[in-house]
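Chain IDs A, B and C follow the sequence of writing; residue 1 opens each chain.
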Amino acid sequence: MATILETKSLTKKFGGFTAVDDVSFSVQKGEIRFVIGPNGAGKSTFFKLVIGNHEPNSGTILFKNENIEKLKTHERIELGMGVKFQAPSVFSELTVLQNLNLANNSNNQSNIKNILKDFLLEKEINTLAGDLSHGKKQWLDIALATLSKPELVFLDEPTAGLSFEETEKTGEIIKKLNKEGITFIIVGHDMDFVKQTASKVSVLHLGKIYFEGSVSEVLSNKGVNDIYLGVS
Amino acid sequence: MIKIIKKNKLPFITFVILSIFPFFIDSYYLNNISYFMCWTFISLGLALIWGMGGVLSFGQTAFFGLAGYSFAVISINFIGVFGVGIWSVILALLITTLFGLIVGYFLFYGGIYDVFIGIVTLAITLVLETYLQQTAGPEYAIGEARLNGFNGMQGMPTIGIQDLQYGLIEGVTQYYFILILAIITLIFLYRFKNSKLGLIFLASKEDRNRVASLGHNVQKVQLIAFVIASLLAGISGILYTNWGGYITPSSMGLVAAALPVVWVAASGKKDFFSVFIGTIFLVWLSQTLAINGAQFAIIVMGLILVISTRFFPDGIILMFKNKLIEKIKWLQS
Amino acid sequence: MLFNIVYQFGDALAFLLLSAIGLAVIFGMMKIINLAHGEFITVGAYGTVVSGKVFNLPLPIAMAAGVIITIIFGLILEKLIIRYLYGRPLDSVVATWGISLIVSQSFLVIFGPSYEGLQTPLGNFKLGDYSYAEYRIFLILFAFLLLGLLYILFMKTSFGTLARATIEKPEIASSMGVNISNVYSTTFAIGAGLAGITGALYAPTMTIVPSIGQAFIVSAFITVVTAGASPFIGLIPAASFLSTVQTSVTFFYKATIGIIALLFSVILIIRFLPKGFSGLITKQK
């Protein structure tokens, strides 16, 4: 199994506060890896470091075994990444179709036809993204991240604000795309969603990796439960 | 091509009408319309970067003036040389575009955004104006061409091809030359807007980070648009200088810099054709008002700017255009 | 000779500080880009001179009148136009630019290209070969005093805290019962009033022309941008830096090149020190 993403001793400080503390992390191709942890654990900062929105203070990031720290965000994306940030960021003044065209790296419209089907957005093709319901905005945002079939996709809270059925549907779509060859790294809080979708889970706490394992291992770990309850 | 016409029936009709004007309109009025059309290019450039991409530059007049002055300096130094009426224009535009590249690079790759783009570009145009204003003495000359301080430069040859009937850009030739240039510009901008580059630029107005996270080099696209806008501003500068036979530092001053912003804001910065028509109308309006005093014209321009920003943020001309198309079904695409 | 240089420097410093102070409140705190700031100063200057001449008022009263007129002018503008532009920074630039065109040209129409001014108050004194105006020294001191008072007002009083909180988080303030519209108007009025004070103070020293505001607006913006996000921390360092640049360049070349140097400075500051001097200072802490 090939390692698709690896970080070595990645650290990020903001003034006196260490958000990401010496994190060495690796994901194999084909995984659906969840990164969980209480609020402030450093999950979003970690994503931003890998994507290139923040510069690390130290450490290395390897994508498909190549160092990417010197690359700008759009260059890393071009190498084969996709990302969906925590706050839904679709282009509200553009239509769904325009949004998707923006994310499409080929002239082929079939990518778009398929993704509209997958995410149930066929009827809204000419609707302004700003007019979509919250759930559909989230799906459009995920669609933007996965449209060009990148090898590795980061999703930060893809089910935030979604109903139970929408969350389940999201899990199904992710698993389908995973079978088609996309490796996922997902930040999520919804334990049902984690149970439904994850192949492996990493727990972040105070900027460090606290524990890693399968879903059942993580759920039965007392330490993990404690940190969520704020006990340790 | 037919498709473009079908989607833009109103502009098409407008240009057909404009192209038959010379057959029944007096040369005096024709020259006036030429004058009004000179200004449409700087407006269109600003509409491109501001209306599409949210880049509000206050200093488009810097490129206007630079092109005018470059053309003046080069052509005066080489009067009588074969083809000077053409290659001096090309050189001047190259200089202007290069300057646009430098400024754009400084802005976008330097992380300067939003209101600060306005301040930096305004500072640039004011630097040029301030410097040129005090170049009155004979020591301020480039070759044979004296810069002449606040009086500006004159005596440049007419652009075009000498010794060829209708080759010089004046009179009826000038009218058609500018009209055709305008049509080409509008078609180009229309196609840019509908291209992938255009979509990236459009999206960057809303959320630059998200655009980058979809794999696009936002700064490069912004730079391209900015350079196009500087070229267009330069075209206005040369056409203006050619029309009147002079260029002065005040064309880069505080009031001059405000005018394209007025025209674009009042016309409807998101629609190129509205900006074209609106600019012609507003330049005509200020010329007419200026008969009662130049200050009066500027006051009205200021009022138009305030009223359109406060009450008609989408643009007054665009509003009328949309109403017209709504009423006349046949105009719809 | 040394005193001469210090005097020139102080004079330029006072000019920059007083130009900037009203704009610092409006732009620095409210983030409204007020391109009509120069015209507020013009209103203050004309208000002073006209009321002084027409009603034969002693200078301090005329100045007070000028300031009051400017405040009223500012309040009217705020109620009619400015308040609709909060949160729309590009539109507020555009609209205030329109206002500045209207006001500057209207003054030209109403009062003509120049208006008979007032005498500079106080006297001169000699030091070495040069004679210096006492009034300009007064201006330097007054500038610092005004800045100090503003600092106390916005940093130490409850009004100041309320104003700053409201401007930063209007929804929270309003849900706590604050009449945010009043807070905005009052803060804008203070900014206008300060510009009026600048106009009133400089009125006796300049030829009264409608474009008086233009001389101030460029300096004001350059200073405020250089000062950065916290005007009270950054204004004095910014003005000191800029007046040094301006004084030395003017000394070696001439006044217009001094202005060009200032313009270049703001371009470089925006590029290399985007948070201005206040950003630099807070980072050091």
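By our rule, contacts are C-beta pairs under 8 Å (C-beta built on N, C-alpha and C of every residue); 3 or more make two chains touch, one makes a residue touch a chain.
In this text the structure is predicted, and so the values were computed from the model without any measurement.
Colleague: Counting hops between chains that touch, how far apart are chain A and chain C?
Modeller: 2
Colleague: Counting C-beta pairs in contact, pick out the pair of chains that comes out on top.
Modeller: B-C
Colleague: Farthest chain from chain B, going by the mean of C-alpha atoms per chain?
Modeller: Here the answer is chain A, farthest from chain B.
Colleague: Can you give the whole-Å distance between the Cα centres of chain A and chain C?
Modeller: 49
Colleague: Distance-wise, how many Å sit between the C-alpha centres of chain B and chain C, to the nearest whole number?
Modeller: That gives a centre separation of 33 Å.
Colleague: Rounded to the nearest whole Å, what is the centre-to-centre distance of chain A and chain B, using the mean of the C-alpha atoms as each centre?
Modeller: 45
Colleague: Quick check on chain C: which residues sit in contact with 2+ other chains?
Modeller: As it turns out, chain C has no residue touching two or more other chains.
Colleague: Can you list the chain B residues in contact with two or more other chains?
Modeller: none
Colleague: So which stretches of chain A touch two or more other chains?
Modeller: Where chain A is concerned, no single residue meets two or more other chains.
Colleague: In their complex, what parts of chain B are in touch with chain A?
Modeller: 196, 199-200, 202-203, 205-207, 209-218
Colleague: Could you please specify the touching residues of chain C with respect to chain B in the complex?
Modeller: Spelled out, the residues of chain C in touch with chain B are 33, 81, 84-85, 89-91, 93-95, 97-102, 105-106, 108-109, 214, 218, 221-222, 225, 254, 256, 259-260, 263-264, 266-267, 270-271, 274.
Colleague: Can you list the chain B residues touching chain C in their complex?
Modeller: 54, 56, 106, 110-112, 114-116, 118-120, 123-124, 126-127, 130-131, 133-134, 254-255, 258, 261-262, 265, 293, 295-296, 298-299, 301-306, 309-310, 313
Colleague: What part of chain A is in contact with chain B in the complex they form?
Modeller: On the chain A side, the touching residues are 51, 53, 72-74, 77-78, 83, 85, 89-94, 98, 101-103, 105, 144, 148.
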